[in-house]
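So, here's a batch of structures to check.
Same chain, two partners: chain A is paired with chain B first, then with chain C.
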Partner chain A sequence: MWINMGPQHPMTHGLWNLRVKIDGEIVRDIDPEMGYLHRGIEKISEDRHYNEIITLMDRTCYVAGIAWEHLYIQAAEKALHVVPPERTLYLRVLVEEMQRLASHIMWYAAFVQDLGLMSPFLYGMRDRDLLLDHFQSFTGGRLTYEYMRVGGVRNDLPPGTTDRIRKTMDWLMDRFAEYDRLCLGSQIFRTRCDDLGVLKAKDCVTYGVTGPMLRAAGVKRDLRKDRPYAAYDRLEFDIALADTADVTARYLVRMEEMRQSVRIIRQVVDWLDHHPGPVMAANVPRWLGAPYAPIGHEGYLLKRHYSKGVGLSAIEEPHGEATAYVVNEGGEHPYRVKFRSPVFVNLSAAKSYLVGYHVADIPPIMGSVDVCVGEVDR
Partner chain B sequence: MAEEGVGALLRGKLPDAVLTVEPFDGTLGRVTFAPSHALEVFRAVRDDLGFAHLSFVGGIDWVAEREVVYLLWSDERKAYLLLSTRLDAKDAHVESATPLWPSANWHEREAWEMVDITFDHHPDLRHLLMPDGYAFHPLLRSFKLHEPEELEVKTRRV
Partner chain C sequence: MAASAKPKEEESPNPVLWVARPMATAARQFVKSLVRPSTIVYPFERLEDPKFRDQVRVESGHPIGIGEVWDNYRGVHALNIATCISCNLCAFSCPDLCIEMVTVPGGDPKHPKKCPQIDYGKCSYCGFCSDACPEGCLTMTTRYELSVSRRPEMVFSPQKLHEVFERKLPMNPIRVERPENEDAIRLDAPLCIGCNACARDCPTNCITMVDTPKPTAKPGEKLPRRIWKEPVVNDSDCVRCGTCISVCPKECLFWGTHP
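Then we have the complex of A and B:
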């Protein structure tokens, strides 16, 4: 018998439909139905100026907006032959890691709530708000930031931000220990997570699964280390790994990743304190309406036809490997923009880690995938 | 590994299939191959060169031609390789990569519905993001988005 879990279901975290073929309580087959949140971001991008697409990137993944801005902006800069200044690279790492923390905490809150534990949800949302406060202080937004620009970032940090970030990091490190006590010490949590949704290393590679799911199976692949971008090659951190490849392992990997993010952020704020400098490349406009600026205004430059180019960028987004492919044919708009969403691929492999388990196991397993439908459907 | 090392290796193995090898920023190179030899190229790249992870498959409409781009990752080399092939727009079809890399499944379904490229021997080529029976291919250049409509505001003279 086929049943629908979705499009409105507490397990889905977004609009999509998981069709499940069941035999009693056992899952025999599944078929995800996507597209409920398809907004045609790749198509709309073909009618937008390069800086205007940043606005769309925040809507691509609504819990990791700034990571997607970073992904797009790197590809756009390569396609347009723009080189950002060094301080920008560190600022981008800072916001990407803070976004990773916010995204993982959001995942933690939602995932544990799916298991029926309510208080971790409240703690998680409380701690994520501290990060959003920082974002608000220098981007103006709490969810959709529009912070990155072709050639840099919109503005530098306001005075005192680095100290406030340090304080938040100290607070968060204590909270992570608390999270672990709440979850790993809970019999309910362990019963619902251990040995579920197992996807071994070999299958992960075959199905193209990336991110915490891949590292939970013991595969040491992290684009921040393997193919460093921005300033990651100058920062010290470890790749979080686990080996049991089940839901608990994914929890452990994400928790360790958050600790590593804190480690990265502490190094970055130290660097930022001692290396002032410009945050925009010269002669590149920083405001979004710039392409319509009159001739002679600084904002006119993006209207200039840049020589052709193709830009490819890949980042380790909170959910896994995200890539962007931007084709610049010399016009005002990109000719084609293609995004690879990590969740898109992780979800396409769902059959391999859901079949054979019980229907009641689907919420914890899908929770451990960290589905963000915004970036799947784009 | 030298910049065009992998491409040259592939060209040596399959001289008929590989058309061009050029450097591409951020990857080991960009290899263009003839669509009729797609399966041989996929096999050589996966089994002999060790690119076990297929990152994405994307379609690009160049009006007269359609391009399919494959991005591959090798854990041993810790680098990307870009494959590309050009198809005639009138009869755009290429062998599916899904039997070799299951991760291509949804990407190919998307390229099929968005850019109208048929992937031969794909196990499950049907709509993914668009509703079943949707007759258009939105990412073709011929599919125009509507211009924003101008709203004429008439104010009454007092």
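Then we have the complex of A and C:
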């Protein structure tokens, strides 16, 4: 019998439909349906200035907005031949790692709620708010940051921010130990999650699954190490790995990634304290924010023969590997913008890690995937 | 060098302990939250209360209401009508097209003064308008309560935005610096007809029309019909708003690279 889980279901964490074929309590077949949250972000981007697309990037993934801004800005800078100053690279790493912490803590809160634990959910939301307060202190927004610009970032850190970030990081490390006591210390949690939703390394590579799911299967793959971008090649950190490829392994990988993020942030704030400098490139084309062309003359900027270019960038987003592709044909708007969403691929492989388990196992397994439908449908 | 994320294998034979250990952690948090709650009881307490101002939770570095941190929040705009130069940059930079330039009293009939009117039903609080403002007259304040009972009330006229300015709420202190070598307005001279539209609409009056020598027509050649004047832009006064580019009927002004 086919049943629909979604589009409105606590398990889905957003708008998508999971069609399940069941035989009693056993799942026999899976058909994930996406597209309920499609907003046409790629198409809207073709009608906007390069800087205006940043506002769309925050809405692409609502728990990892800065990571998507970073992804787009890297591609746009390559397409526009703009080189950001060095301090900007470290600031971008700082905000991306803080966003990774916020995203993983949000995942933790949602995941334990799928398991029926209410207290850790509240702790997770409380601790994520500390990071959002820091974001508010220097970007001005709590969820939609609009922090990156072509050629740099919006502003430098206000005085005293690095010290406050250091304190928060120390405090968060204690909280991670508490999370582990709440989950790993409980035999009920282990009994529930061990050997659940197994997706072996071979299947991961076949489907193109990336991110914590791939590393939970024991594959040593992290774009921050393999193809370093921004300032990651100058920072010390380890790749989090586990080998059992089940829900517990994904939990362990994400917890270890949060500890590594704290390690990176501590190095970055030390660097930022000793290396002041500009945060915006000196030569940014002014026509990026040029006013709209007169009606009927939209192509007039094209006649001026501004330099053309193509930009491709890939980053390790909290959910996996994301890619952006920006084509600059010389106009004031990009000719084409394309994104690769990691969660779309991870969801599409649902058949291989859900079939054979019980219906009651679906919420914990899907919770361990870390679904963000905003970036699946874009 | 991969970090080992392997769990410690602890087999506790006593089922009571399985439940008791996580519950002890939760109980500790419960007692802590009785002493120092993590939340603010919103309608009765507010972040901008003097009680929370300059208060930092020491153990976590939690900037609960500390002055400068809270001041950076992007809320409702404040507009100083007196210093606005009607340059249109806020309306140009708005991604949601929620800013409309409306006439306010104070300008001459030939050159009406226009100030931004913001439709908060569309605004996404991205702050591009206040970043683009060259005079610093459009800023964002920390005001965040915007409930209205009817939809037309969401449109804030310049006068209403000026009222927000007069309340002297904490302004967003972060000013965005412009790039050092900014592109400037350049002229494609052969296309110009000397129509004076750019000099007329320039908000800072940095464009002057200078005479150009009228060439002598060769026999059989027809001179273009035009006024023999050309705009000259004073780059140090120019705010790079691009109004001249959008009003030019012959598309002869454009953004040029820095000399």
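Note that the second predicted complex is superposed on the first by the 355 of 378 C-alpha atoms of A that agree within 3 Å, B and C clash if a C-alpha of one lies under 4 Å from a C-alpha of the other, contacts with A are read in each partner's own complex, and residues count from 1 in each chain.
Note that a residue touches a chain if its C-beta (ideal position, glycine included) is under 8 Å from a C-beta of that chain, and two chains touch if they have at least 3 such contacts.
Values in this document were obtained by computation on a predicted structure and should not be read as measured data.
> If chain A is used to align the two complexes, do chain B and chain C fit next to each other or clash?
The answer is fit.
> Who does A:V327 touch here: chain B (first), chain C (second), both, or neither?
Touch partner of A:V327: chain B, not chain C.
> Draw lines from the C-alpha centre of chain A to the C-alpha centres of chain B and chain C: what angle do they form, to the nearest 10°?
100
> Applying the document's definition of touch, where does A:V345 land relative to chain B and chain C: first, second, both, or neither?
A:V345: touches chain B, not chain C.
> After lining up the shared chain so the two structures overlap, which partner does A:T55 touch, if you call chain B first and chain C second: first, second, both or neither?
A:T55: touches chain C, not chain B.
> Taking the superposition on A as described, I'd like to know which of chain B and chain C A:V93 touches: first, second, both or neither.
In the superposition, A:V93 touches no partner, neither chain B nor chain C.
> Which partner does A:A217 reach: the first (chain B), the second (chain C), both, or neither?
The answer is neither, since A:A217 touches no partner chain.
> Could you say whether A:H38 touches chain B, chain C, both of them, or neither, answering first, second, both or neither?
It touches chain B, and chain C stays clear.
> Considering only C-alpha atoms, give the closest distance between chain B and chain C in the superposition, rounded to the nearest Å.
8
> Across the two complexes, what residues of chain A are contacted by chain B and by chain C?
Comparing the two interfaces on chain A, one with chain B and one with chain C, no residues are shared.
> Which part of chain A faces chain B closely enough to touch in the complex?
Going by the criterion above, the answer is residues 34-35, 38, 40, 42-44, 47, 78, 205-210, 219, 221, 226-227, 310-314, 321, 323, 325, 327, 335-336, 338, 340, 344-345, 348-349, 377.
> Mind listing the chain B positions that touch chain A in their complex?
Checking each residue of chain B against chain A gives 24-27, 52-56, 58, 60-61, 69, 71, 73, 75, 78-80, 82, 101-107, 114, 127-131, 138-139, 143, 145.
> In the complex formed with chain A, which residues of chain C make contact?
Contact set of chain C toward chain A: 1-8, 10, 12, 15, 18-19, 21-22, 25-26, 29, 38, 56, 58-64, 68-70, 72-74, 88, 92-93, 95-96, 124-128, 131-132, 140, 172, 174-177, 179-184, 240-243, 245-248, 251, 254-255, 257-258.
> Quick check on the complex: what are the chain A residues that touch chain C?
Within the complex, chain A touches chain C at residues 48, 51-52, 54-55, 119, 123, 126, 130, 133-134, 136-141, 144, 146, 151, 154-155, 158, 160, 163-168, 171, 178, 181-188, 220, 238-242, 248-249, 252-253, 255-256, 260, 278, 280-287, 289-294, 297, 300-301, 304.
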